[in-house]
Amino acid sequence: SPSAEAPETLIMASTTSTRDSGLLDDLLPRFEAETGIAVRVVAVGTGRAIDLARRGDADVLFVHHRPSELEFVAEGFGLERLPVMYNDFVLVGPREDPAGVRELGDVAAALANVAANEVPFFSRGDDSGTHKAELRLWAAASVEPSAGASGWYRETGAGMGATLNTANQTPGYALTDRGTWIAFRNRSGLDLLVEGDPLLRNEYGVVVVNPERHPHVKAAAGKRLADWLTSDAGRAAIAAYRVGGEALFFPIER
Amino acid sequence: MAELTEAFRSALGLIVGLDPDLLEIVSLSLRVSLVALVPSMLLGIPLGATVAIARFPGRGFAVVLLNLGMALPPVVIGLLVYLLLSRSGPLGDLSLLFTPGALVVGQTVLVTPLVAALSRQVFEDHWTEYEETLRSLGARGARAVATLIFEARHSLLTVLLAGFGRAITEVGVAIIVGGNINHLTRIMTTAIALETSRGDLPLALGLGVILLALSLGVNVLALAAQQAVRRAEA
Amino acid sequence: MPRPEASPEILPLRVEGLSLTLGGKPILRDVSFELEAGPCSVILGPNGCGKSMLLRVCHGLLAPTELLAPTEGRVRWCGPGAGEAERGQAMVLQRPVLLRRRVAANLEYPLRLRGLAPNERRDRVAVVLERASLEALAERPARALSVGEQQRVAVARAWAVEPEVLWLDEPASALDPGATRALEETIRRIRASGTKVVMTTHDLGQARRLADEVLFLHRGRVLEKTAAETFFEEPQSEEGRAFLKGELLT
Amino acid sequence: MAELTEAFRSALGLIVGLDPDLLEIVSLSLRVSLVALVPSMLLGIPLGATVAIARFPGRGFAVVLLNLGMALPPVVIGLLVYLLLSRSGPLGDLSLLFTPGALVVGQTVLVTPLVAALSRQVFEDHWTEYEETLRSLGARGARAVATLIFEARHSLLTVLLAGFGRAITEVGVAIIVGGNINHLTRIMTTAIALETSRGDLPLALGLGVILLALSLGVNVLALAAQQAVRRAEA
Amino acid sequence: MPRPEASPEILPLRVEGLSLTLGGKPILRDVSFELEAGPCSVILGPNGCGKSMLLRVCHGLLAPTELLAPTEGRVRWCGPGAGEAERGQAMVLQRPVLLRRRVAANLEYPLRLRGLAPNERRDRVAVVLERASLEALAERPARALSVGEQQRVAVARAWAVEPEVLWLDEPASALDPGATRALEETIRRIRASGTKVVMTTHDLGQARRLADEVLFLHRGRVLEKTAAETFFEEPQSEEGRAFLKGELLT
């Protein structure tokens, strides 16, 4: 019940990629140790996360689709968007690589190859940050994929994990953020094929919900979280986070 | 809750617009769940009847197991069916995964235990009345089961509707074994989940309204059929 | 109808040291008797003395709690809930249960179980309907009959399979005087044709008219098993005398 | 299917290790579902009994509506409860969203229609036997309902177990209204969904095994209680 | 027990032009009669003639299909499935249904419905158990009794509320001779105390012993309603004569 809660608890709406990578489980206890503020993460799709914040059901928004975040602030729902960190998207696909994209380095060319060979490609198709980035990349490749029952372009309409599961089984290609990919455990038939293209940069920002819209919002505590994430301590913690020896996220210089 | 008004408006818009995508999804949902109901009935009802009627050592345990079937989490069933149908799984050669066939298999595995457990109770209630008569008349085994199914037919309808309800509203199994692939395995519930994750709650609710209307249709038809049979019998 | 090959001879049915306990309560206590082919045996006794349970055990619907070894195998029961009664027997329960179908289909049901061909079944149902004067009710849903009508259908259904032994638990309790007379006539005819009838009744007049021998039960014990004449003229037990006078309470 | 072996191994590891996180999740799951069962019973059983017993115009329609309750998609229920409890919703001031309380509310809304629909059938089956007697004795309204509940108590156990099964296995409502927040609203099913999305299928299945064991325990207890009552009555 | 204030006077019960159709079949046809306080009325007639349905309609368990306007309101029924029977009445169904509880609790149930205080209930149950000689069965689960024992409990339960009118549908059909005698004695006493008894029976001897007046029903029509003596000496109708001789079939 609410009365039994510690006075300082924040609700943060975030995406599954941050949670599934384990980053938040690492960061937030440090923040709590420093400030005494406990953060509760509701990890959902980017669209849903923004909707949650819009309704005042979250105090802080932490997602990875810059245009939506800016729009959220512009509409007066958020105070200010602070860039926190980035990682990158990677193109994964069947180990045999039927479209021959391995080590192309150029993601637009790789996608064009996938389309030309009509090898199955699994899109999340859920308006998530990853999905929106993927659409941006198709545009860069000048391909207009359309989902059809028997077509090679398939929308799973599901989360990143489920989409990777599907790609692993069929097999097919998929775009994923690196964090989810590294943490993903069921990738027996998949390989990381394309990485490092500047187009693949994936930026995360934090927004505190505007207390003028929702008076109950814990803006002060939220502000402390946003500040901490972008502080030296926070950035050091982000940079230090490793899975299997690999860094997953890189703090953005102020 | 202005969303509710908006939800109804969007549901109406979709229906009036006869959106072809929507029609596809609706018809797939209905077909999958009704098809899955057939093996669920054929397996679950005799199973429930057998456990209700037969006296064997460990029968109490069988009842517990049957009831436990109602507490099988869809996600777990989904995973098991996934492992079964996966390319490296025992039935991988059927290439069923991420096809409507996989949805049928998954819903069947989900609904059969429910039908079995609920029908067991129906049969047990009827068996107290019929046991001595049927045994005296010489009806044993499958014959007794068949007679009891016939005698309890009206009560079993509710069991079937519960099974249909579980199948048509299920989402966990469908996402795991069907993959919610657009134009292939997307059904009403996975579409609703998708719109929810997109944050488009009115559309999600609108689809929910349509799903309910669909179930309403099935329920009304079932009840009308039952009434007709009742009248014919009287 | 020829008796099915597999049907073993049931009679004579020897019961020795039979006891039945239900819910910790002794219902039948060390009962021993023998039922031979031929005479119509009527079981008499006050309410709750165990008549219905005795019929159930003998018919095979209930397993006795105890039964002395030498005669085991003669009474064939199937354990509570398991199996079915022996072929060659039929029983009318004190509260008969009809199936949710028409009267004719109720009569046909046991015939189908015994593997009769459809046309044989049809013929036999017609005969039974006629013998039991049930033609007018043939197409009525059985569950919507009056209690007496249902009892008449139940008797006809038992009789339809032409059993070697017919167990009747108060078969006339809901019948009108005319139907009772007709049933008694039928029972006499059945006995004459060689079928063994074992029945209970609370109508002492009826018992006198039908019984060749009487088993008098009291509190789960067989106090008397004698020729009917003897029982009605001079019952051996105190309780028998009181019962006949309508004075036995309990 | 080496995953199954691995699943059991990971389940065993979790159980043997008495993982405190796991204990927390298990106990929350159990508490939420059992607590939600109470209002579901208190509302659903009398509702089912009333529709079974009362004769009023539009009763057939009420039966259809009740059955339709079994076809309410959890995601839709989740959304409705979410809109209700959301800060901008009518009950926003209760601050229930993303708390265990929200899970209880959601599961109650999910389970009550199932309990009502299934118990309606149980009551209708018993009512055919009892109607004339109860009416003749002068039992009307709530009194007749109470008596019928008592008379049908053993059959109602299966209904309750079906309700418990639906509550404990449910994931859609729990994610939407609970938010699957670690150490606060994470229950077995949402944890399973999480591990599935992480691609850790063995761990997901292992959790599933533990959930099943939990349900097994509840079922065995319920049946044992029933047997004890039966024995006491005989 | 003082009668509840709200209980309206039921008698005399005037029925005019009552018809009942079930499933498209006419069950009762244009029945008219009047039941006065006092005499014990026995309804006689062959199986299926409509006795049980007539009792149900009069008791209020079934709504008649037709009933002539002037007397409407005298017969109070509640429509099929709705409401309950009138206070001040009680009925024993032909196949009584006991509640799944002990015998004493079955007897207590209608008393609780009538709002008696717990200690009043306890006392009354004790009295009823004794009057009906059911003390030995008081703590037994009612559903595990023999058919006859159940019938005795059902009669005791009806009687426990001291009704103005008692409807008995073959109350002795499963009773042993002693219990039958006791029941008849009870009915005589009840009538003497001012309670109206309306009953059916297939036992003509019992009818002779108890009836003050007879309603003879045949195929849903009341063919005779006369003093008992008249009916048994010289029945007015052909069917009545045949029925008494046990010759009427159907």
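Lettered A, B, C, D and E in written order, each chain numbered from 1.
Following the convention adopted for this analysis, contacts are C-beta pairs under 8 Å (C-beta built on N, C-alpha and C of every residue); 3 or more make two chains touch, one makes a residue touch a chain.
Quantities reported herein were computed from a predicted structural model and do not represent experimental measurements.
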Both-way neighbours, i.e. chains that touch chain D and touch chain B: A
Labels of chains that are neighbours to chain C and to chain D: B, E
Chain pair, most C-beta pairs within the contact cut-off: B-D
Chain centre separation in whole Å, for chain C relative to chain A (CA means): 79
Whole-Å gap separating chain A and chain B, where each centre is the average of the chain's CA atoms: 36
Centre-to-centre distance between chain E and chain B (centres being mean Cα positions), rounded to whole Å: 48
Touching two or more other chains - residues of chain D: 89, 196, 201, 234
Of all residues in chain C, the ones touching two or more other chains: 23, 141, 144
Two or more partner chains touched - positions in chain A: 44, 159, 162, 165
Interchain contacts (touch definition) - all pairs: A-B, A-D, B-C, B-D, C-E, D-E
Of chain C, residues touching chain B in the complex: 56, 59-61, 78-85, 87, 89-91, 93, 96-97, 99-101, 109-110, 113-114, 141, 144, 157
Contacting residues of chain C [partner chain E, same complex]: 22-23, 45-48, 52, 94-95, 133, 136, 141, 144-149, 152, 170, 173-182, 202-204, 242-244, 246-250
Partner chain A, residues of chain D touching it in the complex: 86-89, 92, 94-99, 101, 179-182, 184, 194, 196-201
Residue numbers on chain B that touch chain C, as the complex places them: 53-55, 129-140, 143-144, 147, 150-151, 233-234
List of chain B residues in touch with chain D within their complex: 1, 3-4, 60, 63-64, 67-68, 70-76, 78-80, 82-84, 89-90, 114, 117-118, 120-122, 124-126, 155, 158-159, 161-162, 164-166, 168-169, 171-172, 176, 188-189, 192-193, 196, 201, 204-205, 208, 211-212, 215-216, 218-220, 223, 227
